[in-house]
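Let me begin by presenting the structure, written as structure tokens, before commenting on it.
Letters A, B, C and D mark the chains in the order given here, with residues in each chain numbered from 1 onward.
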Amino acid sequence: MQEPTISAQDWIRVLSRIALRVEAEKDRLNELDGVIGDGDHGVTMAIGFRALDQALMGLQEDVTIDRVFQTAGEAFLSAAGGAVGPLIGSMLADTGEAFRGRVTFGAEEAVWMLEIMEQALVRRGKAQPGDKTMLDALHPAVIAARAAEGEELVEILRKAADAASAGARATGGMISRLGRSSRLGERTLGHEDAGANSIALILRGLEEEVATL
Amino acid sequence: MQEPTISAQDWIRVLSRIALRVEAEKDRLNELDGVIGDGDHGVTMAIGFRALDQALMGLQEDVTIDRVFQTAGEAFLSAAGGAVGPLIGSMLADTGEAFRGRVTFGAEEAVWMLEIMEQALVRRGKAQPGDKTMLDALHPAVIAARAAEGEELVEILRKAADAASAGARATGGMISRLGRSSRLGERTLGHEDAGANSIALILRGLEEEVATL
Amino acid sequence: MKKLINDTFQVTREELEGFVAAFPRAVRRVGIQAVVRQDAPVTGKVGVILGGGSGHEPLFMGYLGRGLADGCPVGNIFASPSPSIVLDATRAVSGGAGVLYIYGNYSGDCMNFDIAAEIAEKEGIHVETIRVTDDVASAPLEQKESRRGIAGDFFVLKAAGACADDNGDLEHVRAAACKANDNCRSMGVALSSCTIPASGRPIFALGADEIEIGLGIHGEPGESRQKLMTADQITDVLVSRILEDPLFHAGDEVAVLVNGLGATPLAELFIVFRRVARLLHDARIHIHRSYVGEYSTSLEMAGCSVTLMRLDEELRRWVDWPANSPYFTQVN
Amino acid sequence: MKKLINDTFQVTREELEGFVAAFPRAVRRVGIQAVVRQDAPVTGKVGVILGGGSGHEPLFMGYLGRGLADGCPVGNIFASPSPSIVLDATRAVSGGAGVLYIYGNYSGDCMNFDIAAEIAEKEGIHVETIRVTDDVASAPLEQKESRRGIAGDFFVLKAAGACADDNGDLEHVRAAACKANDNCRSMGVALSSCTIPASGRPIFALGADEIEIGLGIHGEPGESRQKLMTADQITDVLVSRILEDPLFHAGDEVAVLVNGLGATPLAELFIVFRRVARLLHDARIHIHRSYVGEYSTSLEMAGCSVTLMRLDEELRRWVDWPANSPYFTQVN
């Protein structure tokens, strides 16, 4: 049996579908950010993903996987601004950088991609696990994906998404130590982090959209 | 039987007691003005009457009736500002002017005072009956007082106050043709005029406070 | 009611204390509620007085200074200053060349300023008066002189202050102010009411999706209540009503003021200005100079007004004239 | 949500269109969301860039002009501009003498401006950065460099812009901005929240009698929620917290900024200023110059902040330096 692989065109489809999911969840993300931040996280994510979608539509038929990610990352970075622009922008762009020359994308690459994304996030944002940021969804996702190594692509993505969701929920019990909300200290307890929820949303989208390919 | 007469000291007492009544009704007057005007009529009346009260407190024992009214009018005019400052200020000051040299104040003078006040109001404000202004309380009061000529002082003041109250209520059926509210035209229908209510309030106070002398 | 105040009855007085403390080089207080330029009276210059009730800041006292006003009598919130306050300002700015009173056309202001003018004349100070009547929503054109004044005060002051600074005599300064007023048209919209501190509750109530078109700057209700529209649609209504008066023609040059009523972010005023500029462009009316910001407010009301002043050579000169005051400074 | 807007996602873009249309002699747009002085780049002069998310108008672009900023990259509402917007501004103001970035210390801004600076350096434009950290409520003094920036941006810009206008080189301009920031302390209070258009609902909820002391200018909750107090009591809290940092001493000279957050009438800011002046007088701290008005807003939030900048001879010189921009002009 041939191991399933995600093509560049698949990636365009998957990322565009994730953009729709972000659009649909924008108000919820704003609300989460409103409680302990400035209430714009959903808007910023939507602006970034709209631009990403727009940029991907302009790509040629024969585009490579790395160019898809590069394009997505640059478009997101240029359009979103805010804190998430550089963070998610770098996650995508660094993935593109790392995948230069690659033509297949299967289970193994999925784990690797998540690792690269975590490194990009930490490099840009300097967060540590427990700081109540996007990392608290991404970090458990990477651990779960690594633990699932050897399983099928969609299974790995499902476990990563589950771990990210659990991680996002767990941020409710954390005291923010980075970004705007950090000034609130203990007042952040009991409220989930908006960015961590975005990561959970993206990884869930990744799993479910890849499953429909 | 000696016809009762209101002394200068009595007038100070009566006007000060009316000031308290205005203070107590300030919110209601604001509300009336808020519906079709700018909502400050009660405040302006209170400011004017506070200053009037203050000025009367500073008068000597041997003050004359005309000085009481002069002082009251000038104090009201200087402090209140707005539309009512010149209107009520002139009503009081013109009364003082007219009573120069007078030492008694009985039933006959009460009618005369109301006539002078009406003239002062019209001279300053150029209103006509039916314009939905203070005049629509004062004008019927003057007619009622004239009709009661020959009766006792308090009786005359009661009839004037009753007519002013009825007049104020009747402004609800008028379309404003003067002052701020005139820009509203038909939208003023169904709402009583604030200034007319002030006149009713003052004349009722006059009656009741004179009755307790 | 949440406000940064101490005593609801002392708002105007404490406000003036703070104002003169903030700009001691520029202004000083005379009497209880009048403020004048620090260098008043300027000998030989016409004294320009701009006043009215408070609650419209930076109007009036924010515009005390060279090329603008010499004195501002300030009434309590939304109430004309009394004659004694007007006289305090009048005497302090009288430099021997007469005094011009500028104020919005409201019956309270008319009565109080007229009484002050009578007394000033008795004291030998010659006073002329211009009542600002820019609000097209307040009366039809045939009754132009009964229209009320809103943000147009600023343009009328700009012309009078510049002409006085150019050493115009009283007749000349009055004529400049009069021409500015004749060529000025405004209309406003409110998105919310406002609260007079001593009353403690909003003057009027607007539904969550309602706006009041053509309102007055003291919360007097306007011409019509409508459902919320986009900024472009609202601007279209305001500008088309302004252009209905047969004053502006293709080829004309105008000054534009998009004025915030208090709570509306500058960003929204720019969005309104963007549309005004487009509409004027389409009507081939040329914008000579633009003003966008809070010039004449209504406490914390949300909304804006649009003012156009048609320019001829003289008015262009007065608009371009330099000015220097705490809240408006223009260098060329 | 009632706002004068058209499309919730186009607010910043349409706002900028309106802004440049209103002041065509003063500013021009470069790229999609950057605005620069019309005469940029000024050859041989350090380019001063002040930027951040929009929603704080007139900050940032209102201060483009002589003695102030050369370029403003403007992000979406309350969101840092992206590196490409910052670069658009950087390239347009680079006159060969290097560029200084000034922005409030928020993690989003730090990341985006840093990426832009890296790219600019690769293109041969030397960039220095000052992050404004004036808000005493946001972190204790030992962590001064992690405090966030609020209205202090204005004073830091004033110093940098003046020094650049005086032909200071990049190191000199950076040092002036740094000194201004080191000597600047602010604290704010909110009486209401505000609404980001694309979100449509207030960022946070305050009870009818509650205020939020020490809040951020993006609606980030503050230090503590308290019951409404008088203006004097609130001012006492703000000023005493500012004076807690062992920076200000009897005999010092300061510049004062009482800044409105958007919906607070100027009259209330004067009442706050009145109390600030009294408190400083009692502390024998001398006010050299005062600024009262909306300098750095949070959309239509009600409330204010108080900023003090301690002056030495150099900072006094930069504060007094003339400036000319659409929303701040100072002549001496």
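Here is the rule we use: contacts are C-beta pairs under 8 Å (C-beta built on N, C-alpha and C of every residue); 3 or more make two chains touch, one makes a residue touch a chain.
Note that this is a predicted model, so its numbers are computed, not measured.
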| task | Among all other chains, pick the one whose mean CA position is farthest from the mean CA position of chain C. | result | A
| query | Using mean CA coordinates as chain centres, what's the chain B-chain D distance in Å? | reply | 54
| request: Report, in whole Å, the distance between the mean C-alpha point of chain A and the mean C-alpha point of chain D. | output: 32
| query | So what's the Cα centroid distance for chain A and chain B, whole Å? | reply | 74
| Does the chain-touch network form a line, ring, star, complete graph or other? | line
| said: Taking the top-of-page definition of touch, could you list the pairs of chains it picks out? | reply: A-D, B-C, C-D
| Residue numbers on chain B that touch chain C, as the complex places them | 26-27, 30-31, 34-40, 42-44, 46-47, 77-87, 124-125, 178-181, 183-184, 187
| said: Which residues of chain D touch chain A once you look at their complex with the stated criterion? | reply: 9, 53, 75-85, 106-108, 111-112, 115, 137-139, 148, 196, 198-204, 216, 218-221
| query | In the complex formed with chain C, which residues of chain D make contact? | reply | 2-6, 11-12, 14-19, 21-23, 54-55, 57-58, 62, 191-192, 208-209, 211, 228, 230-232, 234, 258, 262-275, 277, 290, 292-294, 297, 299-300, 302-304, 324, 327, 329-331
